[in-house]
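Presented sequentially are two complexes of chain A, the first with chain B as partner and the second with chain C.
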Partner chain A sequence: MQSLYRPGNSLVHRVPAGLKLALLAALGVGLFLTGSLPVVAGAVVLVVAVGLLAARLPWSALLVQVRPVLIWLAVLLAFHVLVTDPRTGAVAVLRLLALLVAAAVVTATTRVTALVAVVERLASPLRVVGVRPARIGLVIAMTLRFIPLVADRAARVREAQAARGASRVGLGIVVPLLVQVLRMAATVGEALDARGADDAPARRRLARAAS
Partner chain B sequence: MKSRDLAYVALFAAIVAVLGLVPPVPVPGLPVPITAQTLGVMLAGSVLGAKRGGLALLAFLAVVAVGLPVLSGGRGGLGVFVGPTAGYLYSWPIAAFVIGLLTQLFWRRFNLAWALIANMVGGILVIYAIGIPFTALYGDISLWASFTGSFTFIPGDLVKAVAASVVAVAVRRAYPVIELPGRRATAG
Partner chain C sequence: MRWGRRPAALEEAPSVERTGIELRDVVHSYGDRTVLTGVSLTLTERRVGVIGANGSGKSTFARLLNGLVLPTEGTVLVDGLDTATRAREVRRRVGFVFQDPDAQIVHPTVAEDLAFGPTNQGVPADEIERRVADVLDRYGLAGHRDHPAHLLSGGQKQLLAIAGVLVMRPERIVFDEPTTLLDLANARRVARVIEELPQDVVVVSHHLELLDGFDRVLVFEDGRVAADGPPAETVPWYTARMG
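Then we have the complex of A and B:
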């Protein structure tokens, strides 16, 4: 699985992930507080400039993330032109475009591991309700590992069905496939327990016993 | 939560991601293709239950946010969380939680009918109740316009609710993951 990160060494790449996310959030709030056309248009120009010039990203890095939403923006603009007025439409569309490009820049210039670290840090206040931030990182890491695994199992079951002459894949394969991967996940859970990944108190007990 | 529960959570996050790689299915008579991803939302709730199902979808959103293009159509990154349809994304963990809650409620007498109720309330009602107002607010359009815009997806969602229910009932028989507190020794 190829992430949307584009390796680089620009200033934008080197800004800490937490600060980039904070700036993105601030931009989001700021854009929704203003209804001024020049301001939102300026924001679009600014974020595109940051992405192409400061972060030295290729056009394609931004386009690949923004393109799926373009048709939506077109529909939105058309709706406003017909129902309200073109100016409101332009503000709504440019505001979304600025946010989308800004988010694309952050995604393309920040490593997955750095973002996961920010998620863990943001979750640390949840410690008081019993959430262990390190386990959030563990779940994300496991998810990344399971994606190719599940895709591979699904492809194998499909091939087996095709080999038996089934032309279409029905619900019939979904149940055995689910049971198969649920068993696998249970095994992974046992393996984690065996390595002491889960049991923090037990680990402490062992450490005390050893000393 | 045990390690096994964490693995289940990660597994269903991965399943939703893999369903996003399935190319959208064009349906005759429907202007928009059906994507398989909300099928994963329904399955997560009705196989794992409320807590683990909701967490699985949160883990999926985390994986999307850190930059994996696993949303249907190869989308991903932080941009999708500020797009006009982001409300639907935010609704998924809540939808999985509600489906799981209803499934646990019906667990003893769980059959296709109860599964359908759980999946339609959680997987369709909850998702639209959050997604439609969000889109309206974001795009500065009326609630009614937002509602009619999403109406075309409902037939596809009904198909998915039926599919998820059939699978959920079969998985319950083959490999039940939900355990109700107490009465385990006496059940069966």
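Then we have the complex of A and C:
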């Protein structure tokens, strides 16, 4: 998994993460309240312009989140063309496209740490019921960290089994992978201890590693 | 990449009473399995090595030094602080680097991971920023600041793990087989980095040449210290014994 963040110091990069997420949410709500083709098409143009010009991102950064769902956008359009009408289909597709590109702009210009800090802030009212927001942030960050790692290890187990002549590789990787992951989890726990995860003052927020 | 430069900023270690790490009659058992039996010694040297066969108790010993593992019997004192009751202060003084850096890196990108330890310590954000920039530069990771940690090479990951401990400014660092998973070139780099640390270090290793310039080497055997002295004496004794 590639990091989606593209370092930079454009205006868009410098807008606070909370504001960017709020604007993204507002855009989402606004797009679903309107059924106007010009408005929705204008939104696509706007977010692309923000991404390319204001945030100075390359096309690839904008398309990274669109490409995997292109097929579904096509299906959606086809569905509407067959069942309703092409205009409704275009609105539905452009609406999603605008949101996907906007989300790409936000993730490409905002560090995970900053997004996580927003989640922590939003979760801070939960402190009264004993939830530690910093813990929620840590869990998110660790999930992002360990997903590609576990995927790598799974690939390695698969290779090892293939090398030993396993023809069908299926559920067979689960047990060795699980053993590896559990063993690592024990060390990760120790590492969190050694790096002071429990020393964190209850009100800490993730530091901005940003410059 | 630069490996040879002597760290300047990290030499301003805080001046506190440093009496060393003392183990008094330490016994450690996992369940009813005793893996360390009556270890008593005091570590005051700058460079201490730990060698011994697999399962001889080296990792357990290493973890006792910063309170990751607490003695079943006996006491471990770090500068007079009991690891059983002063865990937090002890961990501030004694950093720990694990064999597998993948298990030690907990944030998705390099700079974020480096900020983790000092953030936990409550270090102010601008100071964290300074320290992070400093280690990134020193360990040739400056160009990887926002890279996903999992795309680094094995050697870079171990340097990141070490850097993640250095930014916490411990006075001592314990390494548990830091070069075991690395190829020869990267093992040498990491060895150089360790050699040049201003901190006191304790290094568990199967790479005996890494311990050449060390002040003292402990040889573990079945949960006991079977030999203890300068590497010129203990290392040949150990290799002869291993046949």
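The rule is simple: the second predicted complex is superposed on the first by the 147 of 211 C-alpha atoms of A that agree within 3 Å, B and C clash if a C-alpha of one lies under 4 Å from a C-alpha of the other, contacts with A are read in each partner's own complex, and residues count from 1 in each chain.
We adopt the following convention: a residue touches a chain if its C-beta (ideal position, glycine included) is under 8 Å from a C-beta of that chain, and two chains touch if they have at least 3 such contacts.
Only a predicted model underlies this, so the values are computations on that prediction, with no experimental measurement involved.
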| item | value |
| --- | --- |
| Partner chain(s) touched by A:L19 [first = chain B, second = chain C, both, neither] | neither |
| Contacts of A:D193 with chain B and chain C, given as first, second, both or neither | both |
| Touched partner set for A:W72, first chain B, second chain C, both or neither | first |
| Touching partner for A:L63 - first (chain B), second (chain C), both, neither | neither |
| Which superposed partner A:L144 touches (first chain B, second chain C, both, neither) | both |
| Touch count on chain A, higher of chain B and chain C | B |
| Partner chain(s) touched by A:P7 [first = chain B, second = chain C, both, neither] | second |
| Which superposed partner A:V106 touches (first chain B, second chain C, both, neither) | first |
| Shared chain A surface residues [contacts with chain B and with chain C] | 1-3, 5, 112, 138, 142, 144-145, 149, 184, 188, 190, 192-193, 197 |
| For the chain C and chain A complex, residues of the former touching the latter | 63, 66, 68, 88, 91-92, 95-96, 98, 100, 102-109, 111-123, 125, 128-129, 132-133, 145-150, 164-165, 168 |
| For the chain B and chain A complex, residues of the former touching the latter | 1-11, 13-15, 17-18, 21, 43, 47, 55, 59-60, 62-63, 65-70, 73-79, 81-85, 138-142, 145, 163, 166-167, 170-171, 174-175, 177 |
| Partner chain C, residues of chain A touching it in the complex | 1-3, 5, 7, 111-113, 138, 141-142, 144-145, 148-149, 152, 184, 187-188, 190-197, 199-201, 204, 206-209, 211 |
| For the chain A and chain B complex, residues of the former touching the latter | 1-5, 21, 24, 28, 65-66, 68-69, 72-73, 76, 79-80, 83-84, 88, 92, 96, 99-101, 103-104, 106-108, 110, 112, 115-116, 119, 135-136, 138-140, 142-147, 149-151, 154, 171, 174-175, 178-179, 181-186, 188-190, 192-193, 197-198 |
